[in-house]
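See the structures that follow.
The same chain A turns up in both complexes below, where it pairs with chain B and then with chain C.
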Partner chain A sequence: MVDVNLSDAEKRYIVDGVKLGTRVDGRDHLDYRQLEIETGLVSTANGSARIRLDRTDVLITVKMEMEPPLLDQPKNGQLHFFVNCSANAAPEFEGRGGEDLATSLSSMLERVYSSPHTLNTAKLCVVPGKHVKVLYVDIEILECGGNLFDAVSLGVKAALWATKMPRIYITGEDGGELEFSVSDNPCDVDRLDVS
Partner chain B sequence: MEIQLASELPRVKAMVGAQGSSRPRLVTPGEVISQDTSFMRGHGTYMEEGVQVASVAGYVTRVNRLITVTPLRQVYQGAVGDTIVGRITQVQNNRWKVDVNSRLDAELRLSNIHLPGGEQRRSNLEDERGMRGLLKNGDLVCVEVQKITDDGLLRLAARSTKFGKLSQGTLLAVSPSLIVQDKQRMHDLPCGARVVFGANGYVYITPIIPQEQSSSYTVNFEEVPVDIRKTIGRLRNCIKLLAHHSIMISPTSVMAAFDLSTEQEYEVKDLLKPNIMQHIAMTTVQMMNE
Partner chain C sequence: MGSRDSRRILGPEKSIPYSLLQTQEMKHFLAEDGLRWDGRSAVDPRKLFMSVGVISQAKGSSYLEVGNTKVCCGVYGPMDVQRGSDFNMSCKVLCEVKMAPFSCSVRKSPQPDKQQREMSRQLKDALETVIVLDKFPKSQIDVYLTVIEDDGGLLAACITAAGLAICHANIDVYDLVIGASLLWHDGILYADPTHHEEECEGHKIRNSGSEGGQLTVGIMPKYANGQVSLLVQGGQISADNLCEGLEVAVEICQRIYTLSRKTLIDYVEQSLEANSDSS
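Entry: the complex of A and B
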């Protein structure tokens, strides 16, 4: 994370405060700072969210593609997470500095969303064994002000909730290959169940 | 976790002072101030094609034939005699480099500090080796600006006992333009905490230690009790909300906001919410104008 330069006296003050159950600004252990969530910002993506937790700023976009499924999971869609720690977020992220943090964030998200209780990927199936919906979730860290894991996971949930996937209708069969038509109607969409 | 709709967040309202007639004239860079060439050009202006143009965003002040534009927000430039708070970034041969919220890191020489041991003496080789024992990377110090060199580098000094290393507490960074000019920078507030309003925008809040230590370079690591922490937290949040609403920060305004928040029985952490912040800020401005 971001390196903070503090004096021993300040560190002692903070640590003693944690022992006594209070933070420097009067919050308790588990209190969040001011949280702001905005969805639907990026019109070119299927779903997007921007989350601001005091100084932390994260932008998430979700895009949907149709692809053949994984061999061992023919009836399930997939979720892929890509985290990019922008160099604007913190001086340490310049060049390849943010890669370790990015990999740990994306592996955390993969673990969390691998369970069917988080998101049921069976609902993302179009034609079992042949075509499934794949969601590419891109996370851009715009500013790093602490508590990235919470901010990113809240943002991803918000972005997935806001995702609108156009309905896909199977129109016919042409020599073994199925034909699809994607609905142009902006209201004719499928939503994800993120409860 | 409290959840609120974004549309319900308070809009930032303009807090106008009581006197409307003597409103200063605000200009932006590039705006023409006057066509009259007989005015003398002060700081913040320049001549372009025979007219006087502002080079900074600020308010116009006119004294006889001198026109200046004083910027609203500015990086700390430094003035000789200012008391400021800085953080040590580097330990060099016979000096320390200090971050003072300015364009350049300032310099604190070993010969300019009050050496431990009481009596005045010249620093020798042993002192140079032991510099890290006095102040190391990350330490906070309260110092005075001694001199400003031609290229803007600040030379600092900590000659008397009131300057030196700062003990347990918390640091806040606000814009230096919001700090009121004051001879006394360190104030012992009636609520039980000591606040150092550094002229450079660094404000340090610390509990009041009953006895003064002989050497100002040892830190008191005694545990600070919860009630003083609450006072410090409340002061910190009050200063933050005043700075957020661009209200001048002085011992009076901070104590006004502090007393107001205690009267209204707000919890320390409630002062982090935008609508409560705005309420206290507006009421403080009203009280200050009376």
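Entry: the complex of A and C
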């Protein structure tokens, strides 16, 4: 998204090409660029994905924490999205420049994932009313080459699919407070259903 | 509840609104006679009141009441941009939506929260398409909205109020932009939902995941031939329902448009009379 000063002739070339049905890089108007998705990159996170759509590069990580639930939704877990446009992606993102784009991306994702059809947060409940799993999804925009919304939403879905959350067992009760044991076995994990 | 505001004296940290402890009774959307609980049919919009010229200090201002939703808008500009680094050959639009703490049943913090920031950004997107930006290089237009009471259809009311105020400020626009909001519940389309209906729908989507959703559109009805300047949709709506909803929205916007035009023309006639009386 570097601001390239196009001459009038170049603008005419692009517009006339689109009218004839061809874009500057030879694609048809409904064609996608080459897409690559990798998961399981970051070992410190419960789930991670990297998505590359030609020049657009986005890294998404998912971390799980346990917290008390929201008062009006005691049986549902939560999802929080944080988008960070790093200054590497485009010079205008330096400092607080990327904040507008970041808030619009994160509010779009929150709207999409608010429905139980996208992700059923009732499955993230551990003890209703007391403890639920909260998933913090951190999105890092490494390079901005256009079509960020598509890339970010695909990447979030991939990262959530790849998320491995250790299973939590309730071992006992000690004076009203529950005790938990978290499984150390890397294969004893819960997965998320993102279909 | 977020970062504490150190400049104001706030309530205790662990306070929760008592309404969360009350059992919420869900009123039925449509009674047996096909009318909603306030006597409207499913596609009737609420009563509207608009006036312009309410803020004397502002270049343009408007006040809008849609049912119980009350919004006041002030427009300042076009003014010079302060910093030379922000010089741009097209105008900069700064939009701020502020909800008064008493506007909702649960008290809102005086600091703008995520919903207000998102509304400000969406409104800015809508207004940037409506104003002829190339006519005001190196300038900025400030649009400030204050929500006095929120009873549903808030973003739509903000769009209409901002459109009116910008016209009142004599800023060049492509057309008057009007907002409309719609809701789908149990497969039925409701026009101009109230806050209670929006909450019930949101609650239902979160819990049962059935099809339903909300739509807010900003439309330029006349001179731009019904072009859409803003479309915000939440929930799950099929594409056919969305198209049907858009047609209903365009119809509602046409009706509101005639009222907006009349308000602006009446204001001009009144100020001409006042000028001729005084001279």
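The criterion applied here is as follows: the second predicted complex is superposed on the first by the 192 of 195 C-alpha atoms of A that agree within 3 Å, B and C clash if a C-alpha of one lies under 4 Å from a C-alpha of the other, contacts with A are read in each partner's own complex, and residues count from 1 in each chain.
Here, contacts are C-beta pairs under 8 Å (C-beta built on N, C-alpha and C of every residue); 3 or more make two chains touch, one makes a residue touch a chain.
It should be emphasised that the depicted structure is a prediction, and the values quoted were computed from it without experimental measurement.
Engineer: Looking at the combined model built on chain A, do chain B and chain C fit side by side or clash?
Structural biologist: Here the two partners, once superposed via chain A, fit next to each other without clashing.
Engineer: After the superposition on A, what does A:G17 contact: first (chain B), second (chain C), both or neither?
Structural biologist: Touch status of A:G17: first partner only.
Engineer: Using the touch definition from the top, say if A:G26 reaches chain B (first), chain C (second), both or neither.
Structural biologist: After superposition on chain A, A:G26 lies in contact with chain B alone.
Engineer: Residues of chain A touched by chain B versus by chain C: which partner has the larger set?
Structural biologist: B
Engineer: So, does A:N5 touch the first partner chain B, the second partner chain C, both, or neither?
Structural biologist: Only chain B; A:N5 stays clear of chain C.
Engineer: Between the C-alpha centres of chain B and chain C, what angle is opened at the C-alpha centre of chain A, expressed to the nearest 10°?
Structural biologist: Rounded to the nearest ten degrees, it is 100.
Engineer: In whole Å, how close do chain B and chain C get at the C-alpha level once superposed?
Structural biologist: So the smallest C-alpha gap separating chain B from chain C comes to 12 Å.
Engineer: Check chain A for residues that touch chain B in one structure and chain C in the other, and list them.
Structural biologist: none
Engineer: For chain C, which residues count as touching chain A in their complex?
Structural biologist: Per the stated touch rule, the residues are 16, 20, 114, 117-118, 121, 205-209, 234-236.
Engineer: What part of chain A is in contact with chain B in the complex they form?
Structural biologist: So the residues of chain A touching chain B come out as 5-10, 12-13, 16-17, 20-28, 31-36, 38.
Engineer: Could you pull out which chain A residues touch chain C in their complex?
Structural biologist: Contact set of chain A toward chain C: 71-73, 76, 100, 103-104, 107, 111, 114-117, 120.
Engineer: Could you please specify the touching residues of chain B with respect to chain A in the complex?
Structural biologist: Touch residues, chain B against chain A: 1, 6, 87, 89, 137-140, 165-171, 219, 221, 223-226, 229-230, 232-234, 236-237, 240, 267-269, 271-274.
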